[in-house]
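Should a chain be cited, it is by its letter among A, B, C and D, assigned in written order, with residues numbered from 1 in that chain.
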Amino acid sequence: DDNGGSSPTSGAAAGNSAAAQQVQSTGSSGTSCTYSTYGAEKVDLKNVTVGFSQSESTSNPFRATETQSITDEAKRLGIKLIQRNANANVQQQNTDIQDMIAQGAKVLIVAPENSDGLAPAFAQAKAKKIPILTIDRTVNGTACSDFIGFIGSDFAGQAKIAAQDMAKALPDGGNIAILQGTSGNNVAQARTDGFTKEIAASSPNLKVVASQTANFDQATGQKVMEQILQSNPDIKGVYAENDTMALGAIQAIKAAGKTPGKDIQVIGIDGTEDAVKDVAAGVMFSDVETNPRFGPLAFQALTDFYSDKGTPTNVIIADHHFTKDNAQQALDNGDVY
Amino acid sequence: MVQPQGAQPVAAEPTAAPPGGSPAPAPVLEVTGLHKSFTGVHALRDVDFAVRPGEVHALIGENGAGKSTLIKVMTGVYEPDEGEVRLRGEEAAFASPLAAQEAGISTIYQEVNLVPMMSVARNLFLGREPRRYGLIDSTRMKREARDILRDYGVHVNPARPLRSLGLGAQQMVAIARAVQIDARVVIMDEPTSSLEAREVETLFGVIRRLRAQGIAIVYVSHRLDELYQVCDRVTVMRDGAVVRVDDMSAVDRITLVSLMLGREIGDVRKHGATGFADAEHQVKGAPVVAAHDLQRRHQLDGVSVDIRPGEVVGLGGLLGSGRSETAKAIMGALPLDGGTVEIGGATTRRTVAASIRAGVVMLPEDRKLEGIVPSLSVRENIVLAALPRITRAGLVDRAKQDEIVDYFMKRLRIKASGPDQRVSELSGGNQQKVLLARCLCLDPKALLLDEPTRGIDVGAKAEVQGSSTSWPSRGSACCSSRRSWTSSSRAPTASSCSRTAAWSASSRATTSRRTRS
Amino acid sequence: MSTLNPTSGPGGPTVPDAGVNVDVTGETRLERITGVAQQQGGLVSLVIVFVAACAFSDGFADWGNFQSILVGNAYTSLLALGMTFVILTGGIDLSVGSMFALGGVLAAWGSGHGGILVAVLLPLVVAALFGLLQGTLIAKARLAPFIVTLAGMLFARGLLQAISAEGTDTYLVPKGSPFLWLGDGTWRPILTAVVLFVLGGILLMRTRFGQALFAIGGSENAALLMGLPVARTKVLVYVLSATVAGAAGMLNASRLQSGVTNIGVGYELTAIAAVIIGGTLLTGGAGSILGTAAGVLLLAVIQNLIGVHLSQYGSSASDLANGLFLAVVVLIQTTLTRVRRLP
Amino acid sequence: MTDVAVRPTPAVLDRNRVITWLQDYGVYAAIVVLIAINTAIKPSFFSMDNFRVQAFQVVPVLIVALGMALVITTEGIDLSVGAVIALSSAVIPLYLGYGPWLSIVVALVAGCVSGLLAGLMVAVANVQPIIATLALMIGLRGFAVILNGASAKSVTDETIGALGLDSWFGIPQEVWIAVVLVLVVAFVVRRTAFGRRLTAIGDNRAASALAGLPVKRVLVAVYVISGLFAAIAGVFLVGHGGYADPSNYGLNYELSAITAVVVGGTPLTGGRIKVLGTVAGAVFMQLVAATLIQNNVKNSYSQMVEAVIIIGAVYAARGRSGR
């Protein structure tokens, strides 16, 4: 059943309880959603087909682990799962969802490509009374009406932690650069805003001198960083909105004859294995996790949804925060993906 | 010698005279002081040219004299460097061929300029399609196309793509198209170069009717006898300048040739257009090429041809009878359904390269589509097929290459600014010579020439014939499908050159039939 | 009136019967059918794949599935429609993906800032102007279409990001806006596409503009010498393509109820693929709207099959299958379309 | 009677000459201008360090563009180059166990095989190049990712790393190799029969076939070379990045390469090739990107400016108009 879409460690990490997603908060209102308030028919998950719509290529370890986690959990529970991958194409994701409905899916888990643009698919699901649980990125609409609810990270919060780390890493202040995720991606946006707001608020001695997109990609991250280092040789810190870009930046810094972790501090987001190793080795200053192991929480939420108890509509997971102090231990425990 | 005929005074045509007109009506299209140069070449120098309503005006000159350039300047294809174009006395600088067409000038350019992939009917009506409710009425279009073309001797399903027609038939379509346009001036740049005698007659019929309607006609041709048949007046060009304007009947052939070539009349009379002696060649030995029972659906039905050393074989037949196909089939350029081709007594692999290695080369009929490689230089075009012979370890031997190119450029008098000039910049006839050089430099045992003298001037025609005759005498064979120097089985024609007799004497016509007849 | 036939009227020569009897109108029915098959290799491939899918893929032959395929590709298929015109002239338009996105963003913005008229017209006008600029650079300044529209692709994307805070401000179509009516439901998008394809077919086959496109693609020089308005036609074709792409984006915004900013990336390649599978020559001069429609559907069906059977094996397996499928289909299509080879 | 008429070119500097000059040297002039502007903004732009950074980034594109130029000369196009880069990067870690050189050889062979597939589809099966290579582009990347397994693999081998990071005499090894490739290609194009055939086939395929040129063989060879060059670029990228990432390596390289070729003056309609122009085109585009990023221009404006610059460059270097 290996799909070639998961790294060797992800399976282990997915089954590792310490690595599992932990709920941080379930939204201030504490509202909960059941099939009856949603207006869906009651079904027994074990007797129906559940559809999972992945938004992006599984070549990203985050995506691979996420898909693996959902697949594993469905198998563990004996639930029939069908799935699609839209490869970062919103249009395709609409089609995917509609295809799965046509194929008989009665419940859907959707990892949206973006907040907007899934209206037709969601509308069709709603018309057919097929509930949708969204994970990892939010969509516009009303919880427990257009969709059941959301499970995922607090992207702005992650960025805020990264900004605080940057302040710690550079107590004397200095020039810093941001490697942004893909333009127009709401995760990237939240991670930019969260970071710059926090810097502006609490670290006036940190100055963002370069802020360029590197498309969440390592090679691009390296290229862009190489250029930035030419025009800003005095850069002291780099905030990369995901780990792959951070790894690219590190390569660029080394090539420029500087030492990452000493001359330039690098902070990333995602908590992938390679990055956490760098944190442990002091090459990276810190890394904020984005936990992709959605399977258990997602199916728990669905089970609760079909019970009288109901499921909270906004579940924010507690992401790990890897620093020099805990990185090695996390690696030893197999907590990273 | 062909007698001048059909050269009547313009004034004798009552329709041609404008109301209250004088014997020589005012020119409808006129250019004065025209200059045009391209990088390195002065194509037109101070050219004055005028054509009157109701006259057929011959425009002649050797290859590269500037005829096509003059036409292109008059019709808005090129912008003149200096000088002006006047239409009915008013200055008219056409910004595009479209503008010229709208002003009533219809042109048949030297190279067939139709769209090969579109159907015959669509080509015929392009831009003027019959419409119904604002939409093209294609049924009517096809019907009318069929009717019109039938009158030009082209019996063809008008829905067929144009390129499936032979070049001659394409030329007829182009002529029909040009004449359909409501024009005051019709310009024809070598309309007959790929036509059969019978089609030429058809064309002349058209021309005479146009003249009767008071339409002015500019007629370019290298076939001097034709000029005397239809033209009223003549303008002779040499090296980009006009050297004589006169009534057609006032200039005899020898004078014409001497004017074109810029040589003394006596000289021309003595030596002919070139200094070639009649080649004597003997037909001897086993066939160099033996094609037997060639079959190809809809195109060839059991064609057999033998070509022996020293022999010139003419392939006769009408438009589209399959002569070009036969040549291509022998060359290995056309897949066959049946039949065999032996070269030098052995069957070769049926590829062009193998045929060339075995000593058979072909000069294709359509120089634009299948002949020249337009953006390569004259030099590169000449040695293109000879690359394997002048290459060592993959490297082109430049000395050898230059030797070949130099020899043939001189021998065939290819007029170019130099071997580095892009071949597409040469005049039509000179392009043809380049292609001929490409064939000859392969030192072939058999030469398949498909319309080899298309558009080349008197002097050069003799050169071509001279070169080809000199090959048989060196033990090569020669097979051609051109009408004017080999006899076509049904329509023997007089050649413009005195050597025709010798030619047909040693020629043997082979008939090829078409299927579905 | 000088339209003349050589035989008509007095003084005309009696044209002897040329004796060439090549009247090939008497084709047999079989020849005619193979002729159509040869011209419509894409359509034939579609039928083959479709029949195979119905026979061997569970759940494929399902009304809901067909609807999903059709509606999912209704608007993007319009990019291929516009692209057909461009490719017929021997050009190419790489900017349609960006234009699709820009059209959507402008429509969504317009629906919130001026109502349905602005929502509909703004993207059309901007797209048309954009196409006008591209067309002028190509037809008048004689720059290569590939490079002009590549720049256009960058520019439109940049412009879109500039008006949406680097792509992060997504304009939503207000709830209850009449603009939403346009792209609502299943049948409206499908019918819109069908109508536009039919209109496109008429434009191509039954108007002088359409014929000029074939002529330009077949031989631009000849078209020029035949007195066709080459430059004007070429400009128009880019205007048409951009406008159609903008319109598709606009309709799509109505369907998605927002102007998604990072949409449309790589759509130009899918459109080109559909056009070419449909039998249009990239070098221009031959092709058909019917073929393009077949190409679009063929790709959509393949996508659907891959989704059903291979998605669970990860995106790379889908890619591999996609590539293989495409290769096989074009091989079939090319074999069928042998007739196109120059003799 | 005039023999071969060789008329001297009038030695006036007219508009035509300026246009011809721009056509031939416009890109080079534009490069000088860009460097001058950048140096004025920040003198350190004109430094060895910066030169090396730009060189590392441009070399892979340039090498791919060289192969692309050959393909374009035959009136073709190769969209699969990016995927070939992915494939070659996927192969390296797989065979690294047998030593760096073997893995490099396997990567290059993989590139050739992919090129062979493209060439056969184009030359033998007569599929239109854009669609044949599009199929490869999609399929190969999937294949590469499956070979590699999902996530990027780090490649710490010294030899490969050196190829992507180290210098000989202060100039990156990559650059030396690229120079050799450029010279070889230029030589082949100008001096060999192959070069001659390449242009002839791209210019008039029917005529070339009738002149007995080995059309199919040349076409196949050209795609194989393009595949090989893309694979070389893939090796360099692995060396430079220190990891292999088939899902992201080489994305959009086909477009960058085509842009470089066209900006360098080779027409997409085939039949003509400018080898040095292609180099200049790639360098020019690299400098444009460097200028924009180094001055921290927003992505949105970057794209628009880049678009305008591309048009400007091509406009300056455009061919003489048909009229």
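Observations on the model:
Quick note on the criterion: a residue touches a chain if its C-beta (ideal position, glycine included) is under 8 Å from a C-beta of that chain, and two chains touch if they have at least 3 such contacts.
As the structure is a prediction and not an experimental result, all values here were calculated from the model.
Two chain pairs, A-C and C-D, are weighed by contacting C-beta pairs, with C-D ahead.
Per-chain Cα centroids separate chain A from chain C by 37 Å.
Computed centre separation for the pair chain C/chain D is 29 angstrom, with centres defined by C-alpha atoms. Centre-to-centre separation between chain B and chain D, using Cα means, comes to 43 Å.
Each chain gets a centre from the mean of its Cα atoms; for chain B and chain C, those two points are 41 Å apart.
Residue positions of chain D with contacts to 2 or more other chains are 145-146, 150, 206, 247, 299-300. Shared contact sites, meaning residues of chain C that touch two or more other chains, fall at 161, 166-167, 221, 224, 314-318, 342. In chain B, the residues that touch at least two other chains are 77.
Chain pairs that touch one another: A-C, A-D, B-C, B-D, C-D. The touching residues of chain C, when paired with chain A in their complex, are 59, 62, 64-65, 67-69, 71-73, 76, 161, 164, 166-168, 170, 172, 252, 255-263, 265-266, 303-304, 307-308, 311-318. Remark: chain D residues 1-10, 16, 20, 191-194, 196-197, 199-200, 203-204, 206-214, 271-272, 323 touch chain B in the complex. On chain D, the positions that touch chain C within their shared complex are 75, 79, 121, 125-132, 134-146, 150, 205-206, 247, 255, 258-259, 262-263, 267-269, 298-308, 310-311, 314-315, 318-319, 321-322. Against chain C, in their complex, chain A makes its touches with residues 3-5, 54, 57-59, 64, 67, 71, 82-85, 87-92, 94-96, 98-99, 101-104, 114-120, 140, 182-186, 188-189, 213.
Note for the complex: chain C touches chain B at residues 1-9, 11-13, 15-25, 202, 205-208, 211-212, 214-215, 218-219, 221-229, 285-286, 342-343.
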